[in-house]
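Two complexes come next, and they have one chain in common, chain A, joined by chain B in the first and chain C in the second.
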Partner chain A sequence: MIRLLLLIFYLSIFSQVSYADTTQEINISEWSTLPIAHEGRIKPIDSFARLLLKKISGRETTSNLSASEWLAEVIFNPSQAMERKIFKASLPEVLKLEQRKNKHYSYIEIAVSIDKNKEIISQLIDAKETDWTPDQRELMRVFQNYILMTQALRSLTTILPLPLKIPENIKNNDGETTNYLALKKLEKTITERVKKIVKQKGTNLEKYSEKELQIAELSFQLKTIESGGKNNVLFKIYPENPNNNDANWLSPWEIMLNGKGSPQSAKFIREWQGMALSYQQKDGKKFNTLVKKNRELTQGYTSTIKIEKIFNYIPLKNMATGIYFILFLTIIFTSLRGIDISQYTSIISTLFNVSLATHLLLIISRIFILNRPPVGTLYESVLFVSLICALVMFIVSLKQVKEKKLTSIFIGSLSAFALLFISNGLVEDNKMATLAAVLNTNFWLSTHVIFITIGYGFCLIAGIMAHTYLFQIVKNKNSKKALQDFFKTILTISIFALLFTGIGTILGGIWADQSWGRFWGWDPKENGALLIVLWLIWLLHSRISGHLHQLGFIVGLAFINIIVILAWFGVNLLNVGLHSYGFIEGIALSIGAFCFFEIILISTLAIKAQKINRAIK
Partner chain B sequence: MKINLILLLIVLMAAGAYAYGTKNTNTPIFIKETKKQSQNVEDSNILENFTYERLNGKKAYLYDHKGRTTLLHFWATWCAPCLIELPQLVDLATLQPNIDILAISTDQNIDQISRFITKTRKVIPKNFILITDAKNEIAQDRFQTVRLPETFILTPALSIHEKIIGAHEEWTSPTMLEKLNTLSYKPE
Partner chain C sequence: MSFKQKINVILKFAAKPHILFYTLPWLMILLVLGTISQKNMGIFDAQQMYFSSWVLFLGPIPLPGGFLTLALIFITLLVKFVFYSEWSFKKSGIILTHFGVLILLFGGLITSQYAHESFMTIPEGQSVSSLSEYKERIIELSKNGEVIASIDYNDIRTGPLFKTNNLPFNIKIASFCHNCTMQFQDEEIAKTAHGMAQKVELQDIPEEKEKEGNLSGAMIVIEGADKNVNGRHLLMESVSETLEIPHKENTYTVKIGRVQIPLPFAIKLIDFRRVVYPGTNKPKGFESDIIIQDNSVEWPVTIRMNEPARYKGYTFYQSSFVQSKNQEITVLNVVNNIGRTFPYIASLIIFIGLLIHSCLKLNQHKRKKT
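So, the complex of A and B:
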């Protein structure tokens, strides 16, 4: 409890100072485009703020502040930020918090709760994470967010003004802001004075005079702030060598405590100190000038960062998902109702193209921002595969639209929407995470992984087309010629699927040879890729040689979706082998349900289709 | 075709309006900023001039040392590692008359500095300059040195060549002498 009170007291002392007259508003939007190093890459403060706020509160804005405005308050005015109710606690009863409708609590409330639960937390830290119950998991999630927030609140405690008075007899410079750095200059003198006082009067504070108490408090503050800042590496805003692209980025506390100071860092920190002071005094003019000055040091990073911030504000993914969904719904609804919408084919086609262009822009922006191919994580691969599906169907639609047919647009919208929707469940906090070292080699990512994911895209499209083909036979709507044309398209797409998955698998072997020293290791992911290739080879060979009739080929191809999903997501669930980089929890049930549903659906469709075919014959 | 274009425009405008009409109305501004032209890295690191005060009260400037390899050494008599390192730096100054060593002490009491130095070495070479920085204006405000000792090795152009954090115990080693010599005679 004492520690908790100390912590709250420690952060409270960085309270607001008196306001100055202001004529210009503080431009947080401009400030939020300053660069910061976080999770292995340089991003705008805006992205960092969104990520941090989402992690803590589950949202990217507070009730009345944007993420950047909230972060500015956290680092420049921690005492006020501590009272803002931003901590999401889904199970307040577990955390011994009062029940509240919106389940959001302030830092101070969470600190009290953590203190009440400290014994359980320390036991959980020692226990295996896999043994935690869902309640304990929630407790630890909030605890980890509490640690994160504590770090954020302490980011600039080196330079934030302190409401303390330095006695005249030990003061160095008049007019200097009293902060940690100013106290640090006097450390030796303060320590000697405290030693002297303790020698003369002991440790009983009641015996101290007012001036002696003042000295003792300064010493206490210095030690408390310094111990609070130790290991604070969250807010890495200073590039140690800005001329170097691989510069080591440091937090203000790292500069101070790791001997990384230099005339350049001193200037940099002075500017941030000015920003903090002008933020607290609401002096927009000074704040904005200092932001501009500060940008000079990091201007090499400006262009990417500004573009990333723009994309933070444009919900490209939601826009594309929304249009795909509307198209898919419209086509399926009108088709089920028997409404003829062929006269609106061009409008539907244009909407599909707009959605595809938005989707494409999303992927291109990610390539530009992350400076690597967009297929590094499972989340990214889903985004990319959905684009491939839409692109393939766009190419097919070029011919079909002329014939006033909407099948390709329907399949494209359905597959892209479904995958984009699934991707929402795969991303936790960081949509632009940095990769594991073995993946972060642009050459191999741009060859092996891209080929294999394009292959996945072709496979899924071929699988969905096979489903559609089966539905069309069952509904017995299309003419024989139309079905034959459709079959030819499916056959072509399945050949492309084999081409890309085949080349991708071989390239993967070459990568494995260079990275791990062996071409093939029967790793689950490798086996999954091989299974897709073998399945497609079997289907295509059987069809070409005449061993498999058209319907048999289509039914076999419809099953490729199950194999792809198992190879793509399922293998990661095993958490074994060298491809466990994409490991995610909680999708086993979804995959199981999907496979079960697919087996039932395909089997039912296949039996019905065969009956119809026999009847026709 | 016309209807396609109109529809495309409407969708794009709607998307734009949605994007900019969201709660975060502070639209980011594009500022055209180019990367610094291939500026010489060393040049951009040349230190700003500053005044310092010698133990005898005389004032001088950093730029007085232009053209000579210079060591800025931050220390204090209360810092134990500094006391081991400093005599070595005095020896280095004797061995390398072509370099300057500015030993900047953050001690409040000047007498302590003189007492320590005279106790350590009887003869102090001219190129070993003792400086007092009781207000920490050079150490902390200018170089952000909060932990002692720290040493900056400056090129003859007075840009930072290297920073040594903590006590270095091989100031008079052949490697260090060679490094300093190379720096002194390196064409800039």
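So, the complex of A and C:
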């Protein structure tokens, strides 16, 4: 409890002024385009703020502040930020918090809760993470966010103004603001004075005069702030060498405590100190000038950072997902109700093209920001494969739209929407983070991974088309010729699927040979890719040899969706092999449900289609 | 039926699509079973059981293993390719693709039989001219630095360790294990024990899923040597790997470790670097500046992730590292594989084949339309 009170006291001593109204002259939007190094990537403060807020509160904004405005408050005015209810606690009863409808709590409330649970937490830290119960997992999640927030609140405590009076007789008289840095300069004098006082009057504070009490308090606060700032490496805003992309970045506390100071860093820190002061004094003009000045050191990063900031503000993904969803819903609804919308084909096609363009822009922006192919993580591969699905169907639709047919747009919208929707479940993966060392090669990412993911896209499209074909037989609406044409399109798509997955798998083997010294290691990820290739080879050869008739081929192709999902996501659950960078947890149930549903659906459709075919014969 | 006719019948049978129709699904079943089994068995054992076997025994039932299944696919493809291919431009893509697959399978066979994988650990500034086996362990006895006896770890038994009469003292194995853990005892185990052997007993634990993770160890007893040496000693990987036995003017050394294979040249590590992403400890890459020393030839080269070095049939990959306060050690994975070019040639042929086939198909599609 004492520690908790000390922490709250420590942070609240920075509450010199009341909460600044950031919507006035202070340009937080401009400030949030300053660069910061986070998780190995240089990004705008805005991206950092969004990630931090999302992690802590589950949202990218608070009730009345944007993520950047919230972060500005956290670092420039921590005492105010401590009271804002931003901590998401899904199980308040586990954390011994009061029940609340929105389940959001302030830092101070969480700090009290952590203090109440400290014994359990220390036991859990020693235990294996895999042994934690869901309740304990939630407790530890909140605890980790609490540590993160504590670091964020202490980011600038080295330069924030302190509401302390320095006695005239030990003051430098250089007009400096009272803050940790100023106190640090006086440390030697303060320590000597404290020693002298203790020697004369002992440790009983009641015997001290007012001035002596002031000096003792200064000494105490100096030590408290310093111990709180130790190991604070979250807010890395200073590049040691702005001209070198691989150079280290430092937080203000690292500069201070690791002896990394230089005339350049001193100037940099002074500017941030000025920003803090002008923020607290609501002096927008000064704040904005200092932001401009501060940007001079990191000029080289400006263009990428500004684009990332724009990317943060335009919800390209949501826009594309929304349009795909509307299109898919419209087509399926009108089809089920028997409404003819063929006269609106051009409008529907234009809308599809708009969503595809938005989708394409999303992927291109990510390539530009991350400076690598957009397939480095599972999340990115889902975004990319959804684009491939839409693109393939766009090409097929070029002919179909002229004939006023909407099947390709329906399949394109459905597949792209479904994958974009699934990607929301992988949001932890969407940090635009740096890659593991073995993946850090643009050559292999842009060859092997691009090929294999394009292959996944073709496979999924072929699978969905096979489903559609089965539905069309069951509905018995299309003419034999139309079905035959559709079958040929499916066959072509499946050949392309084999082309891309086959070449992608072989390229993966060559990459493995370059990286690990063996072309093939029967690793789960490799086996998954091979399974897709073998399935397609088997289907195509069996069709050619006549072992499978048309319907058998289509049914087999419909099952490719299950194989792709197992190869793409399922093998990651095994947690085995050298592809250890792709592991994910908690999706086993979803994959199981998907496979079960697909088996039932395809089997039912296949049996019905077989009956209809026999009846026709 | 003449011999020629009999051969024709066999060839016709071998080229029948039935074989591929039934072997491919079986290969897929093996793939699924072998992949899932890796979770519990470890990659190596699962590979041996499902993919590198001629016969797979599921309980008492013998089934075709990975080798046999792939061999059947290879034979049917080869016969079809040589005797029954339609040698026309129209089919050129398919022919090339099948030829590429044949080369790929043949290369796989060569690799499975002749590829050898090992590793070497090189401290910064030092030269090393031997490779370490990943799985095989050995106990060696040397006299004044020269190896005079050795025994494969799989062959050791309790009792006398080396069958040599030239030793002036006895070395016996009291206990041993392929994967050991140390059990610390509260009281002294034996008065004549030395070092950690005074307080430690070795306990045999189940072997690791990946055998290279095992820590082999033995409790050995020296008899008839100097009084300061006689008694129990602990010999264990990563804990206490060597034991020195001074005897008169000679020094004998017993060493436990991985089997060493001599290299026909040496590799010197000049510098090891772990490059991190800015402001983090997350590695962006690992690099080793080495010099390959072969008699008078010295070849400086940098090995990085995804950028191995090749010399005299050996390929050196950046695999791991050890970083301590005083020293940096690089760990290189070393592969010697005469079949390593096959996948490259095969990939190129398959790629060209599939491309030609796709183009011809598209062209055919267009012509049909017109």
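Throughout what follows, the second predicted complex is superposed on the first by the 605 of 617 C-alpha atoms of A that agree within 3 Å, B and C clash if a C-alpha of one lies under 4 Å from a C-alpha of the other, contacts with A are read in each partner's own complex, and residues count from 1 in each chain.
Going forward, contacts are C-beta pairs under 8 Å (C-beta built on N, C-alpha and C of every residue); 3 or more make two chains touch, one makes a residue touch a chain.
Note that the structure is a prediction, hence the values are computed from the model and not measured.
A.B. asks: Applying the document's definition of touching, compare chain B and chain C: which contacts more of chain A?
C.D. replies: C
A.B. asks: Using the superposition described at the top, list the residues of chain A that contact chain B and also contact chain C.
C.D. replies: No residue sits in both footprints.
A.B. asks: Spell out the part of chain A that touches chain B in their complex, as residue ranges.
C.D. replies: It comes out as residues 27-30, 33, 61, 66, 172-173, 181, 184-185, 188-189, 243, 255-259, 261-266, 269, 295, 299-300, 302-303, 306, 309-310, 313-315, 319, 323, 346-347, 349-351, 353-354, 358.
A.B. asks: Where on chain C does chain A make contact in their complex?
C.D. replies: So the residues of chain C touching chain A come out as 17-18, 20-21, 24-25, 27-28, 31-32, 34-36, 38-39, 43, 46-47, 51, 104, 107-108, 111, 115, 117, 275-280, 282-286, 305-308, 315, 317, 333-335, 337, 340, 343-344, 346-347, 350-351, 354-355, 357-358, 361, 365.
A.B. asks: Please name which positions on chain B make contact with chain A in the complex.
C.D. replies: Those residues of chain B that touch chain A are 3-4, 7-8, 11-12, 15, 18-20, 22-24, 26-31, 33, 35-36, 41, 44-45, 47-48, 76, 78, 106, 108, 135-136, 140-147, 150, 152, 160, 163, 165-166.
A.B. asks: Can you tell me which positions in chain A touch chain C when the two form their complex?
C.D. replies: That would be residues 37-42, 233, 236, 239, 245-250, 434, 436-438, 440-441, 444, 488, 492, 495-496, 498-499, 502-503, 506-507, 509-511, 513-524, 527-528, 530-531, 534-535, 537-538, 541-542, 544-545, 547, 571, 574-577 of chain A.
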